[in-house]
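The structures considered in this document are given below.
Two complexes are shown next, each including subunit A; its partner changes from subunit B in the first to subunit C in the second.
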Partner chain A sequence: MSDVVLAVNKLTKYFPVRAGLVFDRTKGYVKAVDGVTFEINDGQTFGLVGESGCGKTTIAKLLLLLEPLTDGSILFKGKTLAEMNNEEMREYKFSIQAVFQDPYSSLNPRMRACDIISEPMTTAGGFTKVDKEDRVKELLEVVGLLPESASMYPHEFSGGQRQRVAVARALSVNPKIIILDEPVSALDVSFQAQILNLLGDIQERFGLTYLIISHDLAVVENISDTIGVMYLGKLVESAPAASLYSEVQHPYTRALLSAVPIPDPDVEVTQEVLGGEVPSPLNPPKGCRCHPRCSLKQVICAEQEPEFRAGHRVACHFDTN
Partner chain B sequence: MNGRLLEVNNLQTHFFVRRGIVKAVDGVSFKIDKGKVLGLVGESGCGKSVTAMSILRLIPSPPGKIVGGEILFRSEDESGNEEEIDLLKLSLIEIRKFRGKRISVVLQDPMTSLNPVFTIGNQVGEPFRLHEKLSGPALLKKIIEVLKRVRIPNPDVRIADYPHQFSGGMRQRVSTAMGISCNPQLLIADEPTTALDVTIQAQLLKLFEQVQQESNMAIILITHNLGIVARLCDRVCVMYAGRIVEDGSVRRIFKEPAHPYTRALMESVPRLGKKKRLFSIEGQPPNLLFLPTGCSFWPRCSFADEKCKQEYPPITSIEGDDYVRCWQYSGGTVS
Partner chain C sequence: MTAMSSNTNETSLSAGTQTRKAHQLLTFIRRGPTIPALIIITVILCAIFAPYLAPHDPQKIDPKARLTPPAWSEGGSGKYLLGTDSTGRDLLSRIIYGARVSLIVAVIGISISATLGTILGLTSGFFGGITDMFIMRIVDVMMSLPVLFLALAFASVIPSGMYIIILIVAFFGWSHYTRITRGEVLSLKERDFVALARVAQASQKRIMLKHILPNPTNTLTVLVTLDVGGVIMFEAAFSFIGFGVQPPTPSWGNILSEGQNYLTTAWWIATFPGLALMAMVFSCNFIGDWLRDALDPKLRQL
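After this line comes the complex of A and B, so read on.
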């Protein structure tokens, strides 16, 4: 695997919890992301799934440099961010762009579509006004919007069209990697399919690398090459999308998969309903973090944390396949 | 206990706004039998929620108004006699006796549907206080009982907690407890699990199944998740731009969708274990202020011809009570 474009190694983010008015002591840490390691190959899609609060979005924020790391490293083209000089750092920042969940809040309501789409180019610098206008026109066509939409404001678009504008903005500075944080969760089914197909098309056309984050397993599976399943800040299983469903290993992944309602009335419901709720990341369970909700738990699970090794793509004490 | 519970005939709910009349629901008819689950599916703005809220007469007026149709509800009075009542003919005071007692509702977002400044015991007890005039220990006992039915652990302690002390899933259980407290004959569930995680959604779907079997109530389930429909519903009505375009049994609709829109909906959902390019419905739902002439789906339909552009298709029955509104239908799935 020579062409790894983005990798994270033991990525960790703790948010301190403070208390006290005067002394402002740190009482504990929310372990939002706790030693996550994965890599994404050039032109591939890596999907991250998990329940709310498992740290998916924190990973996106760390990669976008919106939050400082607590520990671990991010490697872009084989070089950690810490080793980069200013010039390389600048390249990284423009190589990585994002599309967020809710196009109703991610687009400034007081800017026209053309200004929204060209803003990253203004930040990057080196584009003339004519360059920008041409590029906006080109991008609108790429994402399937009419050229007239350039002068429209976000409220004039439907949800699906807004998300297209957000995609066009992400594309404007020719990034290598796009982080898609729940790109279709806020959209209706018919728009979901449109946007997923659009994302697939532009990936092929521009050779993009995606990191897609979603709680919807079916969506992630549809678009990803590799899928990582997260639970309470840790990666519990990572597998090629094609085999995750058929060769699921981790009990948590299995429960997550069986919780998705299948749109077919003839499918027997063989649900392993996952009891209880996600424990607080402030005080995660000892040992394997899944054990309080796991149906296969043994004594060892409460005591020892299973390792997640590169060779083994699952963090569980048992071979459950 | 079989037989018809609710029959909606040609319901029309319009909103009178400055720019014109929004026909949010325009001639909707459906029936639901006792103890059955009916799914209402469709995209945002197709009139699902307005239909449901019209049944409870909870349409904000102005600008909304139910301009036509009838909603026949067959209910039992105290002595066990059945009577058929047109809910639209009741006065606002009379309809209150139905809300929360014979027909109740569970809304999408338990964050906003529960009042943050009252304890959940207080809120769950409201239907008992209003409809059964209970108070004191008798009321308390009833509240604990209903919290147990929705499987909330330690109900006798949690009764004094406020909504913010509950997680999202637990809050939706509290909402459900309010909905089922007086053993309604009909429960309207408006996107009850949309705001929740899949694992919590699975827990709640199981709860709905259990509660429905225990008390044999009918449910109108509004959702856009076809997986949930397949799992819980007996019948499905597919809505588009304020009208029902197809009505049928779950099995037939999933196996042989008759309307091109139903078929497109089925094919645009990503499914686990089947990676392929999704079918996408091009374009967007029409603006309800400026509906196209003829069938409202024709601008997005690949089967449309001249006739579709001119006249709204009539009801074509398929088998039993199933019907479709499409000019192109001629048995089986359109293709």
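After this line comes the complex of A and C, so read on.
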């Protein structure tokens, strides 16, 4: 078993909702992420799936320190960020980089590809111009772009090429962890596979750890070692990729999986459709968050919140296997 | 024989090149606002090289040649191409020198107001909160002020001249830049590349200057170009009512103002500076409109 490189413990983020004409009053909180715990082993890929608004991207933002935590902790190499001194904090910041969903928004239209890619090196300091040029050339080759693209502006690239530039940028300071927030969902299906293969190759080559966030189960299934399923700010199930698909336990995961289209017209589809809509994260249901939409619902579900069980971890009162 | 045929060949070839060149020139002229650009360049050159271009001293009085009509009309003289004014000063020279005033006011005034406005807009949009509220309320106040009325009040207290107009342009002009910059910054700072710059540990200063500021420059360039016309107009209006540039220093506005008394007897005095003004303002607006399309990166991709 490899070492845990990144872990989150009871990670919580509430966004205050303010209202009022003259004086803002906090009227409540959107519980975007509510006590999420998971860990990622060195060199492995953790996939986070769930529908829109379940808090996946908020987790990415919390890990990237783009938003302050409400509660809980982030552990990097076994140490919480709160305990770290400036030197260790700096190491963390440059060890974690990201690739975002929309390659049209994630590259500054006014910067050349070489400046975009080498920016983390510029801010880290200690690199000469020649260092950066060499590194940019090397990275462009790694992501499969021509060396000439270094002097091009983002609008001269296609969507897939832009995403390659974004990947090259994330790699430039040799990070340990890359957070991939919906890395392929803005791309054409034909490019999705290319980019996913590229990400796989890069991971192997540089020994990277990935946290991949997606709403697309097929994407996550292919690339992940462990998968976590989120619903309404909580992790409902977390298991090694193989066992999650073969022994689905949580009713929500089951519904999610049955929604994945099977590209074979002869297969009889037995879809489990969840009734109703996702409750508001402003006022999530008591007890198990899934209970209003669950087929296995019992009295206990509305009263008591299920704990995560060990092994193939699932937050449900029933053993559904 | 062969020599001759090759010769004719060459001539027809060069004729073909000529028509092609002419065609290229025509497409070039059609593609951009060539004529407005030429007008603006002419005005700029006039302003810079006024002492060399002007045939006469713009302030030299020639009582014998009072109200001489333009050279081509009856009674005109080749000495004064566009005629003379009521004291016999050469109108062409005065218009050439007048371009100086217009351009100096426009360039200095707009440089100050655009820089100030952009900095305030960037600060306002980027930092938000109290800073934003404070700056935007000042902008609201500035925009609700009656500019001409206050400018008159200003000018009646402080001795009038070119610098007072520059001051007024700078003081009243910045609020548009602030609003536009702020709006763009507000949307830009939520873009993913700004978040990624944060992830790459770029400093606030770097994010502001390298990631955000270069993006609204297109919009600002267009705004500046359109503003030039407006400011030249404002200077003329201000000098026309007698508060701006004081005679005998020529400005398009005060020549116009002097000319209005002679409109029935000497039409040329008010007409030519008026035409110059119109051509310049027109050109600025044309260039501004053209820039708006030319700088749009979405259109540029095509």
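The rule is short, and it goes like this: the second predicted complex is superposed on the first by the 315 of 321 C-alpha atoms of A that agree within 3 Å, B and C clash if a C-alpha of one lies under 4 Å from a C-alpha of the other, contacts with A are read in each partner's own complex, and residues count from 1 in each chain.
Heads up, the rule we're going with is that contacts are C-beta pairs under 8 Å (C-beta built on N, C-alpha and C of every residue); 3 or more make two chains touch, one makes a residue touch a chain.
Since we're looking at a predicted model, the values are computed, not measured.
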| item | value |
| --- | --- |
| Fit or clash between subunit C and subunit B when superposed on subunit A | fit |
| Touched partner set for A:Pro265, first subunit B, second subunit C, both or neither | first |
| Geometry of the superposed three-chain model: angle at subunit A (Cα centres of subunit B and subunit C, steps of 10 degrees) | 70 |
| Partner with the higher number of touched subunit A residues, subunit C or subunit B | B |
| Subunit B versus subunit C as contact partner of A:Ala193, first or second or both or neither | first |
| First, second, both or neither for A:Ser106, with subunit B first and subunit C second | second |
| Contacts of A:Ser158 with subunit B and subunit C, given as first, second, both or neither | first |
| Subunit B versus subunit C as contact partner of A:Leu217, first or second or both or neither | first |
| Partner chain in contact with A:Leu208 - subunit B first, subunit C second, else both or neither | neither |
| Partner chain(s) touched by A:Leu180 [first = subunit B, second = subunit C, both, neither] | neither |
| Shortest CA-CA distance between subunit B and subunit C [superposed frame, angstrom] | 8 |
| Doubly contacted residues of subunit A, that is, touched by subunit B and again by subunit C | none |
| Subunit A-facing residues of subunit B, complex | 43-44, 167, 169-170, 197-203, 205-206, 224-231, 250-251, 254, 264-266, 268-273, 275, 277-282, 284-285 |
| For the subunit C and subunit A complex, residues of the former touching the latter | 191-193, 195-203, 206, 210-211, 214-215, 297, 300-301 |
| Touching residues on subunit A, where the partner in the complex is subunit B | 51-52, 158-161, 188-194, 196-197, 200, 215-219, 221-222, 241-242, 245-246, 255-267, 269, 271, 273-275, 277 |
| Subunit C-facing residues of subunit A, complex | 61, 64-66, 93-94, 96-98, 100-102, 105-111, 119-120, 123-124, 155, 166, 169, 173 |
